[in-house]
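Each structure below appears as C-alpha cells.
Here come two complexes built around chain A, the first alongside chain B, the second alongside chain C.
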Partner chain A sequence: MSAYLLNLIIFLPLAVGLLLLALPSKLGLHRQIALGTAVLTLLGSLAIWQASNPEASGLQLVTRMAWIPFLGIDYHIGIDGISLFLVVLTSLFTLLAMLYSWSLDQQPGRFFALLLILESGLLGTVLAANLFLFYVFWELMLLPMFFLIGIWGGAQRIKAVLKFVIYTMAGSLVFLLSILYLGTQYQAQTGQWSFEIAVLTQLQLPPTPMVDLLFLGFALAFLIKVPVFPLHTWLPDTYCEAPPVVTFMLSGVMAKMGVYGLLRITLPLFPDSLARLGPVLSLLTIAGIIYGAILALGQVEIKRLLAYSSISHLGLIALGVFTWNLSSIEGVVYHMVSHAVATGGLFLMAGVLENHYGTTRIDQLGGIAARAPLYAVLFMLLTFASIGVPGLNGFVGEFLILLGVSSASAGLTLLAALTLILSAAYMLWLTQRFLFGPEAQPEHAPLRLPVLQLAAIAPLCLLAIIMGLYTLPFTQHISPAVQNLIQNNQGPVQVMLPEGYFNPTPSPVEKPVHG
Partner chain B sequence: MDNLIFIAPYLPLGLAILSGISLLLLQVFLPLKQRGWLTYVALIEAALLILASSLSFLLKGRVSSLPAELQPQAMANYQFFSNIALFFYLLLAVALLATILISAVYLEREKLVYGEYYALLFFATSGMMVLVSANDLMTLFIGLEIMSMSVYALVGYRRENPWSNEGLFKYFLLGALASALLLYGIALTYGTTGTVSLREIQNFYLSQPIGPLGSMGLILILTGLGFKVAAVPFHSWSPDAYQGAPLPITGFMATAVKAAAFALLLKILGEGFLVVRSYWLEIVMVLSALTMITGNVLAFVQQNIKRMLAYSSIAHTGYLLMGLSALNLQNDNQIRSAILYYLFIYVVSSLGVFTALAQLSGQGEKYQRFEDYAGLGKRHPFSALVLTLLMFSFIGIPPLGGFFAKYYLFSEALRQGQGLLVAFAIFNSILSIAYYLRLVVVMYFQPDARSEETRQSTPVTVSMALALSAFCTLWAGFAPVNFLGVIPGLSPLVEWLHIAAIF
Partner chain C sequence: MFTTIADLHQTTPISSQSSLLLSLIVLLPILGALILGSMALWSQPREQGLSEKMLGALGTLTPALSALLALYLFAQQLGQPGLQWTANLGTWIKVSLFELSFGFMMDPLSGLMTVMITCIGTLIHLFSISYMHGDRGFARYFACLNLFLGAMLLLILSDNIVGLFVGWEGVGVCSFLLIGFWFSDAQKAGAGTKAFVANRVGDFGFLLGILFLFLETSHFDFAGLQAGLAETPESRLAVIAFLLLIGALGKSAQIPLHVWLPDAMAGPTPVSALIHAATMVTAGVYMIARLHFIYSQTPSISLLIVLIGALTALMAASIALVQNDIKKVLAYSTVSQLGYMFMAVGAGAYVAGIFHVFTHAFFKAALFLGAGAIIHALHHEQDLMKMGGLRKKLPITHLSMLISCLAIAGIPPFAGFFSKDEILWSLWNEGLYLFWGMGLLTAGLTAFYMFRLYFLAFGSSYRGQAEISAEPLLMKLPLLVLGAGAVLSGFLGLPAVLGLPNWMEHWLSQVFGAHHVAGNMGLALMLMGVSVLVASAGILVALKKYARLQSAPAAATGPLANMLHQKYGFDLLYDAVLVRPLRRMGTLGWQIVERLMIDGAITFGLWAYKVAALMLRQLQTGSIRAYGHYLLLGLTALAYLYFTLHLPGVFRP
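Moving on, here comes the complex of A and B:
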C-alpha cells in the first residue's frame, strides 16, 4: 500500500496539472482543484513519513519495474531519511505557494497547473533511484519553471529565463553525456546495461584523468543548480525577475535538488575524485560564501540582497557536502530544510512588500515596523532564523555543518564561520534600514498581510521555531540515512588537505603504536 | 493468393508510379474548377500506398507456406524488399500523406494550380522507393534522379515568386553537379571492382585493396551524397531551397528527401563500402562535426523561421552522420536501429512543425519571421502547444521522442568509441537550445503582435496532422518502453527496428 503512495504523489500532481492545462479557463475551478491536489499530496507525503521506518537502512517503499529493458533502464523509486525531508518540504512548499498566490490575476489556472507539474518533477527527482529516471524528472522540473518565469515574471523576464534555462540545460546535457559514458563503461565491463545508482557505485573505474573529468561532468549540473561560485551568475537575475512565489520555489526547493544530486549521485559514484578535487571545490564554496555575503552587503534592493544571501548560504551547504562526514552531511540535510524555510519565507515577505509598495528598493522604504508590527515581527523572526540565532532552525544546521568541517580543517571552519558574522551584518542592517527608522512613504496605506499570504508565511515561521527547539523527530530520520550513505560509499572520511595547508602549525602526527 | 505472393513486392512501387500517372491524366480531363477532387484522390492513393507496403510485408512472411519448389523464386522476388526498405517505404508514405494533407489547404490558399503538383509528389516518392530498395549503384542512381527531378520542379512551384526561383536555380545547379560527381564516383568504383552490385563490391574489397582509383571513387561518391543530405561544406543550396520552396514542399524535403538520402548513405557506407571503413571513417567524422556546428551556429542567427529550420535540419544531419561514423565491421544492428529511430522521430516531428507553419504563415507565406509569431499561444493555443512540444522534442527533453532518439543514438555512438564526437554533439545540443526555445519564448512570453486581426480557425485536416505528429512524438518517447506494462499493445518500436535493421 505505502509503496503506491510514492507513485501517487509523483503522478497525481502531474496528471492533475496536465488536465488543468487542458481544461478551458472559463470553468474557473482550476485553483480549487489544484489546491485540493496539493493538499492530497501533502497528506500523502505525511503518510509516507509515518510509514517509513527511521531505523531501517537503505531505500524503503520501493517500486521497481522494467521500463526500457533493452537498455537496462528501470522505473525504480524509493525513499530514505534524506529524501523524506525533501519530499515533505516540496509538497508543503507547493501548497504554501498556492495559498500565497491565490489572488493572482493573470491566468491563475495555468499558474497553478504549472506549480503542480513542477511539484511532480521535484518529487520524482528526489525519489528516483535510477539515473535515467532521475534525469527524466530533473528535466521535467525545468519545463514548468521556464513558463512560470517567462509568463509571470518581471520586465526583464525573457532575458532572465533564457539565461536560467540555457545555463541549467547546458549542465543537464553534460550530465546526460556523463550518464551515457558511465553506462557504456558499465556495459563494456559487465556486458549488460544498468543505470541503477546503487549498482553503478560498485563499478571500478580505471584510475585515469577521465574519472575526474567524469566526476566534474556529474557535478556540473548540480553545481549550477545549487549554485556554487563561479556558476552562480544566472541566479540574481532569475530570482529577481521571477514572481515571488516562483523565487520561493526556486530558492526553497529547486536549489536543494542540486545539493541532493551531489549527495545522492555524484559523491557516492566518485569517492576518489572527491578526495582529489574536494579541496578545490571546498575553496570554491568558501569563495561563494564570502563573495555572496559581500555583494549582499552592497545591494540596494531587498530581493537582490536575498538572492546574494542565498548564494552565501548555499555555499555553506555545499561546503558541508564536500566535507562528507557524518556531522556535516547531517547538517546539510537539516540545513537544506531550514534554509528553505527561512529564505523562502523572506522571499515571500519581500513579495508582499513589492505588492504593496510596488518596489523593494531599500531607500524608498522605511519605518514599516511602526505601522505594520505583525509584518515586522515575522520578518525579524525569519531574519533571525536565516542568520542562525540559537533557538531557531538556522542555527542547528549551520552548527552541524561547521562541526563537521572543523573535524576536517580548522582553517576552512574559520573562513566558513565568517558567514555567521557577515549574514548577521547584512540582514540586520537591512532590517534596520527598511523596517525601522523614519517612515519613507507616510502617504501610503499601512502594510497589511492579506490573510492567505499570512497563511502561507505563518507555517514557515512556526516551522522555524519548532525545528530550532525540538530537533528529534527530524534527526531520528536523518541520522540513520546519513550513516548508511556514508558507510555504503567508502568515501574519504575527511577532506584530505595537505598537512598545514591552512594551519601554520602542523598538527601532531599519530605515531604507530609498537606492541 | 499464391500468385499474389509473387507480385507483392512490386505492389508499393507499382502503386506509387501508377498513382503519379493517374493524377497526371486526371488533371488533363478534369476541368479547372473540379481539380479539388485531385486532393482526395491523392490522399486515398497515399493511404493505399501505406496499406500496400504493409500487405507486401505480410505476404513476405508467408513465403515459407508456399510449396517448396516455388520458394526460391519467391525469395528472389523479395530480395530487394528488405525490412529496412519496408521501414523506409512506410516512412516515406507517411511523409507523403502528411504533405498532401498540408498541401490541400495550402494550395487553395495560395491559388496555385493543382494537377502536376500531386503527380510530382508521387513521382518523387517512387524515386525514393527505388532508391531505398536498390541493391546496386546504377539502380540507386536512377532512383535518386527520379526523386531529384521531381523535387526540383516542386521547389520552383511558386513560379511568380522570386525566392522560389532562386531556390530552384541553386538547388538544380548544385544538385546536378552532385549527381555528376556521384556518377563519376560510381564509374571509378566500377572501374576498380568491375561491378555495380553493392554486395559484390563488398566482396571485392574484402579480398582486394581499394587502390587509388577506388578511393577516388569513394570520395566522389561521398561528395555527391554530401550534397544530397546537405552536409557541410556542401550545404549552401539548402537554406535557399528551403526558403524558396512552398512550405509543404519544404517539409517534404526536410523529411522524405532527407530520409531517402540517408537510406542511400546507409546503404553505400553500411553495405558496399563497410569493409573499407578506415578510408571513409575520418571523412564522415569531420563532415559530421562540421555539419553540426555550422548548422547550429547559423540556425542561431536566423530571423526567418524557414531558414532556421533549414539550418536546424543541417544540424540534425550532423548528428545522423555521427551515427554513420559508428557503423562497425561487426555489422552491429543496434547502431542502425538507432539511426532509423532518429530518422523516424525527426521525420514525424518535422512534419508537425511544417504543418503548423504552412497554416500559420498566412496568405503568400508573409509570416516567416520570429516576431510574427508573438502571442501565438493566445491566438492559436493548439498549434502553439504542438509547436512547443515539437521544439522541446528537438531540444531533447525527456520523455519526448526527440530525447530518446538522441539518447539512443549518442549512447550507441559512445559504445563504438566515438566519445569525442559525442561530446561535441552534446556541446552542439546546448547551442541548439537557444534557437528552439526562441520560438517558444516568442509564442508565449511576448505580447500578441497581431491581436487586432481576425482569428482564423485552424482547418480540421491541419489539426489532425498536428495531433498525429504530437502523438507520434510522445508515443515514440514511451514506445521503446513497455510503460510499466500499463499500456498494452504498444509493441516496442525499437525492438521492431532491431529486426528492421537486419539486412
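Moving on, here comes the complex of A and C:
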C-alpha cells in the first residue's frame, strides 16, 4: 500500500493542478481544492516518513515499470533517508506557500494550480531513480516557475525571468547531452541501454579528460541551480523580482534540488573526477561563502540582502557536498532542511513587510520592533537560526559540515568558518537598522501579521526550535542513508588542499563514539 | 612553571551520582523565560497583563529555586568529598561519528560556580524589580534575564564542550538582547550588535578549536578529551589551545576583542552587574580552567595568556582613570580585573584565577548595583561630575560601595585583597617578575580610580541638579548581602603560604590537583606589604585630589590624556581597517562586480547582438539587383571551394 504513496504524492498535485488550470476561474473553488490537495500530499509525505524504515539500506517503497524499454528507460522511483526530508520539506512548503498567499488578488486559482504542478516536479525530481525520469521532472519544475515569476513578479520580472530561464536552460541542455552521452558509453561497453542511476554508477570510465568534461556537464545544471559562485548572478534578481512566496519556494526547495542532484547523481557517477576537480570546486564554494556574505553587508534592500546571504549559506552546503565524507554529507542533508526553514521563513517575513510598507528598502524602515513585537520576535528567532546559534536548527548542519570539512582540510575549515562572523555581522546589522532604532514611519499603521501569513510562518519558527534541540527523528533516517551512499560510492575522502593541518579522522565508518 | 600530568592526578576518588535536580537547575530559569516571554508578547501590545509585582516575583522565583537546588547539591558535595553530580536529559545529536547528549556534570569547580551564579543572579533579579519599575518592557526584561541565567548555567554545568558552546552562544544572544534592551535608541541597538559580532569573532576560534579537539580525540566530553589528549604532541595542542583562547578573549573582553564591553553598558545597570561583571564575562576564565589539562601542557600559549592579561589589565585600568561615566569606570575596571584572572590562569594558578572570579563577582556586582541605585536615585544621571555628597542620601548604597571599593583596591581584610594577592604571589612564584610588576602597577591605578569614583560620587557636596530619591528596600537588600560577600568571600582563600587554611585551594584541588605551595613566608609577607602600600597610596592620591572637590574639575588634557580618552584607538582602528572597508567592499562588490562586470557583460552581449542584427539587416534591402549580386558572389565562392577541395590543381598556375 505504501509503495503507491510515492506515486500518489507525485501525480496527485500534477493532476489536480492541470485540472484547475482547465477549469473556468468563475467556479471559484480553486484555492480550496488546491489547499486540500496540498494537505493530502503533506499527509502522504508524513505517512511515508512513518512507513520508511531507518534501518533498511537502499531505496524503499520502490515502484519500477518499463517505460521506454528499448532505451532502458524505466519509470523507477523510490525513497531513502536522504530524499525523505526533501519530500516532507517540499510538501510542507507548498502548503505553507498556499496559506501565505491565500488572499492573493491576481488570478489566485492559476497561481495555486501552478504551485501544485511545481510541487509535482520537485517531488518527482527527488524521488526519481532513473536519470531520464529525473531529467523529465527537472524540466517539469522549471515550467511553472517561469509563469509564477513572469506573471506574478515585480516590476522588473520579465528581465529577471529571462535571466533565470537562460541560465537554467543552458544548464539543462548540457545536462541532457551528458545524459545521452553517458547512455551511449554504457551501451558501447555492455551492449545494453540503461539510464538507471544505480547501474550507471558501476560503469568504469577511462580516466580521460573527456570524463572530467562529462563530470562538468553533469554538474553544470546543478551548480547553476544551487548556485555556486560564479554562476550565481541570476539569483539576486530572480529572488527580488519573484513574489515572496515564490522566492520562498525557490530558496527553500528549488535550490536544494541542485545540491540533491550533485549528491545523488554527479558525485556518485564520477568519484575520480571529484578527486581531480574537488579542490577547485571547494575553493569556488569558499569564494561564494565569503563573496555572498560581503555583498550581503553592502545591500540596502532586505530581499536582496537575504538573496546574497542565501548564496553564502549554499556555498557552505556545496562545500560539504564536495568534501564527501560521512559527517559532511550528513550535515549537508540536515542543513538543506534547516536552511530552507530559516531562509524561507525570512523571505516570507520580508514579504509581510513589503505588503505592509510597500518597500523593503532598509533606509525607509526602522524601529518596527516597538509596535510589532511579535514580528520582531519571529524575525529575530529566524535570524538566530540562520546565523547558526546553537539550540536552533542552523547550528546542527553547520557544525556537522564543518566537522566533515575539518577532517579534510584545516585551511578550508578556517575560511568556511568565517561565515560565523560575517553572517552575524550582516544579519544583526540588518535587524539593528530596520527592527530597532527610532521608528521611521510612525504615522503608518503598526505592522500586524495577518492570521494566515502567521500560520505560514509560525510552523517554520517552531521547526527551527525543534530541529535545533531534537534531532533524532531526522538523523536516524539520514545517518544510515548517508553511510550507504558513501560506502557504495567511495569517493575520495581526502580531496582538498596540499597539506591539511591535521591528519584526518577516524576512518569513515567506525562504530559511533559516545561522548 | 607549569604543573605536570603527575600533579594533575586526582587524589580523592570520584564517585558519580545521577540526579534529576541538576538538570532542574538549568531548566527552571529557561522555563521561567518561556512563561515570561509569552506574557511579554501577549501583554505588550495591550498594555495590560499581570502586575509588575507578580511578574517580578515570577521572574525571581525560578532563579531562587535554582539557587536553592544548587545550594542543596553543593552541600551534599561538601559533606562527601569526591562526589560528582551528573544528569542526562537525552540525546541531542546522534550521527555516524558521534553521539552528543544534553549531559550535565557538577564537580567541585562547576558546583562553586553554580552556587555563585544562582545566588548572585537571584539577588540581581530582586534588585531589578525596583530598578525596572515602570518600564514598558518589564516582562521582556525578566524573560531575557531568566534565559540568560539558564544559558549561563548550561555553560557551567555541561559535561561536554559542545554543550558548553551552546551555553556560550546562548549567553551571547541574551547579552545582545539585554544590551539593546532599550532598542529604540539606535546607539544602544548598535552596542548590542557590536557585542555579538565581537563575540562571534571569538566563537569562530572556539568552534574551530572544538572541531580540532574532536579530530584529535574523537570525543567531546571533558573526561574523554582529557584522556584522549595524553598522547597529543605539544604543537597540535598549542594550535587548539590558541583557537580556544580566541573564544575566551572574546567572551572575557581581553585585548584585542575587549572593545565591546564598555559599549555594553548601554544595557540596564543590573544587566551590567550580572552579565557584564559577575558571570558571563568570567566564562572565558572558567573555560580555560575547565580545560586546564590542555593549557598546562602548552607553556607558550599560557605565557601568551599572561601577557594578554597583563596588557589588558594595565590598559583598561589606565583608561578608567579618565572616564566620567560611572558605569564606564566600572566597565573598564571589569576588563582590568578580568586581565588579572587571565594572568592567574595563564600562570597555571587556576585556583587563584577562580578565586578572583568568585570574590570579584561579589564586589563588582555590589559596585554595579550601587551604581544602579545611584542612577535610579538621580533619575538616570550617570555623569560622576554631577554627583557628589551622596553619602547622607544613600547610606546603604554608600556603605556597600565603600566596602566594595576597599575590596577591589586590595585593602585587607576585604575579599579582593586575598584573591588579588594570591594572583600576584603566583606570578612572583613562577618567576614572572615583569608581570608581577604590571599587576602591582594596575593595583595602584585600580585603587586610585575606584576611590576617584567613590569621592566624586559620595564625597564633598552634591553638584547635580536632579532631585535625589531614596533607595527602595528591594535595592538595599541585595546591596547589603553583596557587600557582606565582598568582606567575607575572601576568607575562603586565606594565603596558605602564611600557614593559614586555604579552603578554596583545598576544595579545587579535586579538580586541578594539589598545588604545592612553596615559598618563603617572609617574602610573601613583604610582597603583601608592598601591594597594600601601593593600594593605599592610590587611595590617598584620590583622597587628596577629589575628596574636597567643590566644582567639577576640568578634564585632563595633553597627549597621554587624549590617548586615554581615545581608548588607545582600538575602536577607531577597527572601524577604519575592518568595519568600513568590509561594508564598502560589499557596496562596491555589488556595484562593480555584479552590476558592471557581470550584468555589464550580459548587457554588452545584448548590445552586440543588436548591432550585428542591425548590420545584417542592411543585407536585406529588398532590391532584386542586390540579391542577384549576393547570389553571384555566393556561387563564385562555392565554385571556388568545390574546385579547391575536389579538383586540386585547377587554380594552381
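General remarks:
In this section, the second predicted complex is superposed on the first by the 498 of 515 C-alpha atoms of A that agree within 3 Å, B and C clash if a C-alpha of one lies under 4 Å from a C-alpha of the other, contacts with A are read in each partner's own complex, and residues count from 1 in each chain.
Keep this in mind: a contact is a pair of C-beta atoms (placed from the backbone, for glycine too) under 8 Å apart; a residue touches a chain by one contact, two chains touch by 3 or more.
Note that the coordinates shown come from a computational prediction; the quantities given were computed from them, not determined experimentally.
Steric overlap between chain B and chain C is absent once the structures are superposed on chain A; the two fit side by side. Of the two partner chains placed by the overlay, only chain B lies in contact with A:150; chain C stays clear of it. Once the two complexes are overlaid on the shared chain, A:65 sits against chain B while remaining clear of chain C.
Look at A:32: by the touch rule set out above, it reaches neither chain B nor chain C.
Once the two complexes are laid over each other on the shared chain, residue contacts for A:421 go to chain C alone; chain B is not touched.
Once the two complexes are laid over each other on the shared chain, residue contacts for A:326 go to chain C alone; chain B is not touched.
Comparing chain B with chain C, the partner in contact with more residues of chain A is C. Seen from the Cα centre of chain A, chain B and chain C lie 160° apart once the structures are superposed, a value rounded to the nearest 10. Shared-chain residue A:476: touches chain C; no touch with chain B. Contacts of A:190 after superposition: neither chain B nor chain C is touched. Of the two partner chains placed by superposition, A:103 touches none, neither chain B nor chain C. In the composite built from the two structures, the nearest CA pair linking chain B and chain C is 6 Å apart. The intersection of chain A residues touching chain B with those touching chain C, taken from the two complexes, is empty.
For chain A in complex with chain C, the touching residues are 163, 230, 233, 236, 291, 294-299, 326-327, 330, 367, 369-371, 373-374, 377, 384, 389-391, 396, 399-400, 402-403, 406-407, 410, 413-414, 417-418, 420-421, 424-426, 428-429, 431-432, 435-439, 469, 471-472, 475-476, 478-479, 482-483, 501-502, 504-506, 508-510, 512-515. Across the complex, chain C meets chain A through its residues 40-41, 44-45, 91-100, 140, 160, 162, 165-166, 169-170, 173, 176, 180, 183-186, 189-190, 192-193, 196-197, 200-201, 203-204, 207-208, 211-212, 214-216, 218-221, 224, 236, 239, 582-590, 594, 598-599, 602. Those residues of chain B that touch chain A in the shared complex are 392, 395-399, 403, 407-408, 410-411, 414-415, 419, 422-423, 426, 429-430, 433-434, 437, 440-441, 444-446, 480-485, 492, 494-495. Here chain A touches chain B in the complex through residues 65-71, 75, 135-136, 139-140, 142-143, 146-147, 150-151, 157-158, 161-162, 165-166, 169-170, 173-174, 176-177, 180-181, 183-184, 187-188, going by the rule given at the top.
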